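Quick notes on the structure that follows.
Naming follows writing order (A, B, C and D), and every chain is counted from residue 1.
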Amino acid sequence: MNEFAKHMIKTGRITKIVEEAPNIKTFELSIAMHAEPGQFVMAFLPQVGERPFALTQAGKKIAITVKKRGPFTEKLFSLKEGSFLGIRGPYGKGFSLQNVGKACLVAAGIGIAALIRLAEELAKEGASVTLIFACKSANEIIFKERLEKVASLHIATEDGSAGFKGDCIELLEKVLKKQSYDKLYCCGPEAMMVSVLKLCEKYAIDAEFAVERYMKCAVGLCGHCCLDEWLVCTDGPVFSKEQLLASKEFGRIYYSKSGKRMRFGGD
Amino acid sequence: MNEFAKHMIKTGRITKIVEEAPNIKTFELSIAMHAEPGQFVMAFLPQVGERPFALTQAGKKIAITVKKRGPFTEKLFSLKEGSFLGIRGPYGKGFSLQNVGKACLVAAGIGIAALIRLAEELAKEGASVTLIFACKSANEIIFKERLEKVASLHIATEDGSAGFKGDCIELLEKVLKKQSYDKLYCCGPEAMMVSVLKLCEKYAIDAEFAVERYMKCAVGLCGHCCLDEWLVCTDGPVFSKEQLLASKEFGRIYYSKSGKRMRFGGD
Amino acid sequence: MLAIELCGIKLKNPLILASGVLGLNKNNLLRAQKGGAGALTIKSISLEERFGHETPNVAFFEAGMLNAFGYCNPGLEEALREFADLSCFSVPVIASCTASNASDFVKLVSALDKLDFAAIELPLSCPHTPGHGLLAGQGTVEATKEIVKACRKKTKKPLWVKINASLPNAVDIALAAEQAGADAITCSNTLGPGMVINIASAKPVLAFKVGGVSGPAIRPIIVRTIYDLYKRLKIPIIALGGVLRGEHAIEMLMAGASAVGIATGIAIRGPDIFKKCCDEMSEWLKKHDYKSVTELIGVAHE
Amino acid sequence: MLAIELCGIKLKNPLILASGVLGLNKNNLLRAQKGGAGALTIKSISLEERFGHETPNVAFFEAGMLNAFGYCNPGLEEALREFADLSCFSVPVIASCTASNASDFVKLVSALDKLDFAAIELPLSCPHTPGHGLLAGQGTVEATKEIVKACRKKTKKPLWVKINASLPNAVDIALAAEQAGADAITCSNTLGPGMVINIASAKPVLAFKVGGVSGPAIRPIIVRTIYDLYKRLKIPIIALGGVLRGEHAIEMLMAGASAVGIATGIAIRGPDIFKKCCDEMSEWLKKHDYKSVTELIGVAHE
């Protein structure tokens, strides 16, 4: 395929919709695509918009798992099986899986979408996978069955409705104290990832993080997704512990729809 | 390579010039190209023109063998080793070599350029090759050494300065009377090919002919090269005996630079 | 499923052989007919025989091609002989003619009107032939009106005006043609002109240096122009520019075209490109629950 | 071998990061600097912060892409903060600004003049943003003269005017800019606009429906326009449009450009495209016995 054609939108029908949680749905699409865990796609709804999502399924049919947040995801939630959805990608670079015997995955909320295929791939490669999954409450825990097949699952909920009561950082530190890991993988809100990064430094664990930034093009042109000099769409979304420790912007700065420099948590 | 890029002009330097005969030179070029015997290329001289030529050598370096006739070939003859020449192609469909045990090749004049690689390929495939080569006079006989390596060579000259004295049709009929062939291949002036075609019918020999027509595009757009409903650039330049027997235009009609219908030998 | 009617002409499918390719003579046209074209346009004819520019007449780049043939054609007299009998064709044949001024156009149209052509197309839009099209100042509202009005008087056949999407006022020119009596707008001729330089020799590839750009490179500009034209015109639009696949033809129809021409695509997929695109269109229509190709026209505007 | 001088500015190579890509902030520019660009242009700044069009802002086709960002940018105030200190750059940084009228352009140029930019570029040529460029009527001889004259008074820095090769009178517009005091012409902004339709949904891909066409698709039209400009202009020309390889940059130089911009190519070869093209140019120059890239400028005219 030529270098431009590969960025053209592929359209497929929604072949299955799974309501994973009150605010989370998985959309399976009749589009074939191979992608590394950690890579993402741009999903397209005509005259609505285009947004980045991780793939929670790849191969003959792909799937995205979406949390309802604003105009795009609301429109998506209104679609029925048989509707069309456009996809371009996959984009970015995924997690590295080489030489990992014991892996610790840390997900918060919808961050699990970026890690579910990683957990499965790691298990397939023979790694032992521990997964710490933090949610507000029991009803937000998704992919439970899939995850239990491949990982030893530790759940944390803020309200204590399932598993450990409290945030995942506490839980993670407990786990890390007990056991050493070759590598940690993390995806969740940036403040949480900052805390995880600190623990990784403290416990000297190699780690990778899936970072989100505002994305308009996904091909490295617009510059909106920058994190320091990196572009999250092409250099990321997966970054190493070393990169993020060196970053001046991780946890602090992102760029808005206009390209304005913004502080996490407001000015 | 993409479907348009493959038609872009490749430029190479002339690495060797061989004066084959007073009016015929071979130009070897630092351009790599694979081509079937019978296919042709368009040669490009900036601000001079673009003209079709057979390849007399293919592979890591290609060569064309050219008879001086008009503005383009005159300019070409003035070039020295080290000069640039542009090439696009290969174009058209070549001769078919399958299942040929005994082959008879008939060339007149520069028509040998379309048959030299065929003779070599046939020999390589294990066929026994007889070649009838007709020229005006002995000094126009080119590729003698190369030909003698792969074929049993029968030469005819109009002035009798070498080989048989007379035209190749007489010589061909003699040969055909003596011996039967699986296939005949022919390239030369159209009037001569018409006579050869008749002999092929008479002696019921399967045959293919390399036909020339005025060519502007070589990609099947301009229509100037048409022979009946065929386009010589894409359907030819090699045509089968059956096609030419069915043709209303072979030996009679061609189309000029303006696209005007012309009769061979003038109106 | 693919049949359409265009200016009262019935076409078995909406794909038309564009003017200038495989249109020098009946042999050429028969080849495209066999390849499945829904209609056939002859290469634009001028009053006198023209030998055109020296070769190279074509230059390729990775996204399409340039051409500058210089309207080589055998001239009106020869064309009248060649196309006197069109009984060998099972699909409509459309005439095309080019001239430097209205009075020559009138001569051509008057003569071509006598033959069995289904329509006559006036390319007022070639970007690269001196004395013709844009280089003769035909790409203006005024010139378009003048030429179309004059020709309109000489024929009752459908009169198609071929415009150039390069022009910022392409819609105004099309409206002027409509007002002057055109029955359809053909959009577009080749864009540009463009130039490709052979860097080894530091010289333009084309003998004429510049040539009209065609192929995939120009498709988005044509789609947008068709979209703009559809909003303003009452007469049908024939789209051309970079159509290589059935899906591209569907895109043109959705933008507002009633039929679709193909030129450059023949160099890539051969004269059977029409059949191939028809198959692709039929398959797509079935998969997407359309009953007829006519349902697609202009749907991108909804 | 690759060094040039442009309007008195020394560039280590003739490849310039075009405005609009990787130019939102210093981070972006540093990335392109690391990638080997000879100079860096910031994304066009407007007086007020602009959020631009909804996504999709980009649409691809097999020969290039369309974009319609709608000049999203953080606005002049933020830009003055962001670019106040340019000491982290080892290559020249060029400002770019956009406005709806001459008086806003004057405000922008006056403010940008205070910073350490090496030049200021005025894009009077965006084909797809309401109130800006062509859609604000800036693609005329009159508007170009008015805006350039007004801005000329406000800065002694080299003033570059970016035109659009789509316009049939592109050369006249460039001449008007030169006459009004421009120091260089940048040619071209994106062409068209174009449209890509997602046929499954029968809707244009871009939220703004139409967008400017860039990439390989437009290269031959740009080469031809540069060739035409070179014949008429005294001031240098910066060519952009579809440059993806060193050979493409050489083609632009031969047509008459003094320097070459790159935008879309970054999506294909990454920010290191500058280094890659420089390597390709150096290798080509050596192979063809040129000592300096400056020897190439305009040689296709000989």
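Everything below uses one rule, namely that contacts are C-beta pairs under 8 Å (C-beta built on N, C-alpha and C of every residue); 3 or more make two chains touch, one makes a residue touch a chain.
Computed from a prediction, not measured in an experiment: that's the story for all the values here.
Visitor: Walk from chain B over to chain D along touching chains and report the minimum step count.
Guide: Between chain B and chain D, the shortest chain-hopping route counts 2.
Visitor: Let me spell it out: compute each chain's centre from its C-alpha atoms, then which one is farthest from chain C's centre?
Guide: Here the answer is chain A, farthest from chain C.
Visitor: What's the distance between the Cα centroids of chain B and chain C, rounded to whole Å?
Guide: Once rounded, the distance between the two centres reads 36 Å.
Visitor: I'd like to verify one number: the distance from the centre of chain A to the centre of chain C, where each centre is the average of its C-alpha atoms, in whole angstrom.
Guide: Distance between chain centres: 50 Å.
Visitor: Quick one: chain A and chain B, Cα centre-to-centre, how many Å?
Guide: Computed value for the inter-centroid distance: 63 Å.
Visitor: Between chain C and chain D, tell me the centre distance in angstrom, where each centre is the average of that chain's C-alpha atoms.
Guide: So the centroids are 34 Å from each other.
Visitor: Would you please write down the residue numbers of chain D that are in contact with two or more other chains?
Guide: In chain D, the residues touching two or more other chains are 61-64, 199-200, 203-204, 215-216.
Visitor: Where does chain A touch two or more other chains at once, residue-wise?
Guide: Only 2 qualify.
Visitor: Among line, ring, star, complete and other, which one matches the pattern of chain touches?
Guide: Basically the chains just string along in a line.
Visitor: Name the touching chain pairs, would you?
Guide: After working through each pair, the chains in contact turn out to be A-D, B-C, C-D.
Visitor: Enumerate the contact residues on chain D facing chain C in the complex.
Guide: Going through chain D, the ones touching chain C are 61-64, 66, 134, 139, 166-168, 191-197, 199-200, 202-204, 209-210, 213, 215-221, 223-224, 227, 242, 247, 250-251, 254-255, 284, 288, 296, 299-300, 302.
Visitor: Which part of chain B faces chain C closely enough to touch in the complex?
Guide: Checking each residue of chain B against chain C gives 2-5, 7-9, 11, 42, 44, 46-51, 84, 86, 88, 216-217, 219-224, 226, 228-231, 234, 249, 255-261.
Visitor: List the residues on chain C that touch chain B in their complex, please.
Guide: Residue list for chain C touching chain B: 21-25, 27-28, 30-31, 34, 43, 49-52, 54-65, 67, 69, 72-75, 78, 82, 198-201, 203-205, 207, 215-216, 263-264, 266-268, 270-271.
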